[in-house]
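Below are structures written as structure tokens.
The two complexes that follow have chain A in common; it is paired with chain B in the first and with chain C in the second.
Now for the complex of A and B:
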């Protein structure tokens, strides 16, 4: 059984302009100990997917129209709020994109970290941790992220720390209670390039050590190449392709993925690539059938009629495209 | 040896004391300016203070005698000099209306109003914040809708109208509360220590008097509190609703922190800061704006005294009243600033310049 399995997820937002149908049949599987990447352009529904899994999507305006999210076989979407909270305390954790927004500016790092552990029930037999244990684990969690002088960091307010330091604090918070699954939503996008690499390496090291499963959301191909074993490509709220990371990067099959690979700038390349013509569709009136069809050079009549299912194109390599119907 | 955090705390305390000192000095200057302003404005407003004091039957000689006694025959700067000299000796002159030293009047009336508006503030903080937190957390729910409607009504209805309605229902119809005054006329008031009737009764061990005094406070205090419950509740409601959408609150939930902790600690702290500023101003406003409610409930308070001095062109009392109101604003603003410094670490860090 997969650790996490999202099936045919449909999520939309009710707004003034009308109904935005964002997630259109999302499927993801993360196995125990596996590291999975989820790539796609900005606005393709990656963050909505993560927030739906965590059950922190503001509803309304958001609405889950259908599908299920199974964690160890249990549907997260149908759990009681109590059960979901226990799940967050013990099993699932997350790091968000913007470390400047993710820490409460009114409280010290120590206060926030301590409260997480206080409520985590991470003590023996699911009980509370003792005060001394909490203190010790806070320090260890900060130390693990490579932060110098954790005792002093604990007394600091977020505004006294740099972006990189704050993201380290976020990582420490996320990993402090030994969760089994980490959802990392573009954890380094808002950081300086030089810091990005350091933080990713540290994160890589830590999840390796703890055996945490990871769903890494990003729009950077470099990040997924280094950090993930399997990859999902998302376009406009639908999964278009999945395979082992190496295979997918070497030999993309879906026309969208092929275009995406071409638009990655290469240092050794022939200048700036042409990219994919057109833009991500409007979710108010999304294209019928395959949402990529208005931008696709191989478009066929059937593409406009129905959402293509995943077709096996190779061993453990699937593409949601009618080109591979046979 | 001092730990780094100790040193930091010490530094915070030092800058805080320095800041408070600076603000106090500023306040003295502001009050000084205010006294000059009100001193001259009071004297150029039409009307003869001597005539107001002595009545229509006074002869020219009698009026002249009063003018000499009050230095009204001298030039303005000289008059101000006399007034300032008196002030330094704790003498604000004699009230033309009550015929008593102004200081005696103030000592009698200020505590009555302070007791009233402190109690009103207490009511408005408890009810207004409870309403605001609930409405903000369950924004766009039926409770939010009802509280919005009630708030608009509360803001639109003048407090003296509320006072009259409350008095009619609770004391005339239902006989649940007394209608006027601070304690019944037949009751012996406790010896004055603080001037707060409830507190003085408790100090004197007269517990039944304290209880009765408290019931006398409820209706007028509530009449004054309604508009503040409405306004402050709405302010808290909107900042709670806004902060609820912040990433950091989502993160607190993701990390499994329990809801009560999120709401009353992590959400309330940043949300209450704009409200605290308004609360301070509201409190200071009540000092002079409570007069209509004081009239309705026959409350022997400062706001009513202030109004009477203005209507009677009671020069010394007018100047003193304006200064007391100015002083209230200065003190309350300073307290609010200190409170916010404790609530908001970003202010603290900025002030330290690091």
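Now for the complex of A and C:
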């Protein structure tokens, strides 16, 4: 059984202009100990997906229209608030893009880390941790992220730290409770490449050590290549392709993924393609059928009629495109 | 060195702040040949945007010279001759904030034409249409739209059309695509390359994305804490990087294929963070993060040395190993 499984998820937002139908049948599976990537461009619904899984999406305006999110077979969407809080406390943890928003500017790093551990019920027999244990664990958590001088960092406020340091604090917070599943939503997008490289390597090490499952959301193809085993590509609220990461990047099958991969600038310097014509659809009146059809060069009549299911194109490689129907 | 259209010599820009003197640019020298694209790469806080702002005249330099077509322009913007302002233009990073949301695209494009007294009112409309066609936007459809009604990539095209309105020969591109998605970036980059060929433009292209640089520029300059570390022709730069910081940058780039993976230097693992520009380390400013440092690095600041034609490096360790015939560590 998969650790996390989202099935046919439909989420939208009620706004003044009308109903925005954003997630259109999202499906994700994360197995125990697996690392899964989710890539897509701005506005394709990546963050909405994560927030729905964590049940932190403000409702209203958001609205779950259908589908289920199974965590160990239990539907997260139908759990009581109390049970969800318990899940977030013990099982699922997250790192977000902007550490300045994730950290409270009014409290020191130490206070915030301690609060999380106090609440974590990670002590013996699911009880609370003792004060000394908390202190020790905070220091260890910070040390693990490669932070020099953790005792001093504990007394600092987030504004006193650099962007890379703040993100390390967030990682320490996320991993301090030995959660089973880590949702990382663009954890390094705001950082410089050299810092990104350090953080990703550290994250890779820690996740490996603790055996945490990861769902990594990003718009950068390069980032997922090193860090994940399997990859989902998302476009306009639904998954268009999934396969093992390296295979998907080397030979993409869905026309959207193909266009996307061609426009990624390469170090080998063979030039950049023109990209994909058009832009991401308006969610007020999304295109019928496959949402990519207005931008697709292989469009067929059937594409406008029904949402394509996943067709197997290779071993462990699926594309939601009618080109692979036979 | 070939004749240059823009040359910057010993440029310094310091900002006094409460915490101390911020040396945003600390003695940089480079030049750009006509028709070339010089890529200026650096992490945030390295001073690449300040360099751009000094060159277009948004800040007067603290000291040093900026020469544009043999004319001294490193003075206050107000004293800069008007034709230079029309000849040297800039495109900013975020088109969302560089286009006035209260003006239509027609109004936005008409400003440089009015300021530089180009054409009569009738000519201007034709010119604006021509500009929009140049950046591949259908003129009749876009002329009366507001920036909020168009996508990010289209906004950047309008910003580019505005920069081209005065028929410049030099355009500064300050991270023109870093606010955009990759599928949109491709279009803008190809447009820039085509326009460069057609209009014989020279670019100073600022970015933090080395993979992009590989595909756009003819020469690359790496900047770190207000100083240049390495300048080289693009192909040579990626085949034979010399400065330890350059190697660290290259090895940190996330790539998407095995062919690219093979190009990255193996041993240069990224460590440390960029120090605050208020207290720059003494000697070579990179020595605190450097994997190849030796005793001299903390004491004297290395000078820029030409190691191969057009390939300049500023590093003690690299030079020593270069002279002794081995590749640098």
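Criterion: the second predicted complex is superposed on the first by the 326 of 326 C-alpha atoms of A that agree within 3 Å, B and C clash if a C-alpha of one lies under 4 Å from a C-alpha of the other, contacts with A are read in each partner's own complex, and residues count from 1 in each chain.
As a convention for this text, a residue touches a chain if its C-beta (ideal position, glycine included) is under 8 Å from a C-beta of that chain, and two chains touch if they have at least 3 such contacts.
Nothing here was measured: the structure is a model prediction, and the numbers come from that model.
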Clash or fit, chain B versus chain C on superposed chain A: fit
Using the touch definition from the top, say if A:103 reaches chain B (first), chain C (second), both or neither. first
Check whether A:159 is in contact with chain B, with chain C, with both or with neither, and answer first, second, both or neither. first
In the combined three-chain superposition, what is the angle centred on chain A between chain B and chain C, taking C-alpha centres, to the nearest 10 degrees? 80
By the touch definition at the top of the document, which applies to A:298: first (chain B), second (chain C), both, or neither? neither
Partner chain(s) touched by A:198 [first = chain B, second = chain C, both, neither]: second
What is the contact status of A:250 with respect to chain B (first) and chain C (second): first, second, both, or neither? second
A:325 contacts which: chain B (first), chain C (second), both, neither? neither
Regarding the shared-chain residue A:259, is it in contact with chain B (first), chain C (second), both, or neither? second
Least C-alpha distance (whole Å) that remains between chain C and chain B when both complexes are overlaid: 7
Give me the intersection of chain A's contacts with chain B and its contacts with chain C, in residue numbers. none
Chain A to chain B touching residues, read off their complex: 51, 54, 56, 58, 60, 85-86, 88-90, 93-94, 96, 98, 101-108, 112, 115-116, 119-120, 152, 155, 157, 159-160, 170, 173-174, 177
Give every residue of chain A touching chain C within the complex, in rising order. 41-42, 162, 164-165, 192-198, 200, 219-223, 225-226, 249-250, 259-276, 279
Give the list of chain B residues in touch with chain A in this complex. 4-5, 8, 140, 245-258, 261, 265-266, 269-270, 343-346, 349, 354
Hey, which residues of chain C end up touching chain A in the complex? 43-44, 151, 153, 181-187, 189-190, 208-212, 214-215, 234-235, 238, 248-260, 263-264, 270-271, 273-274
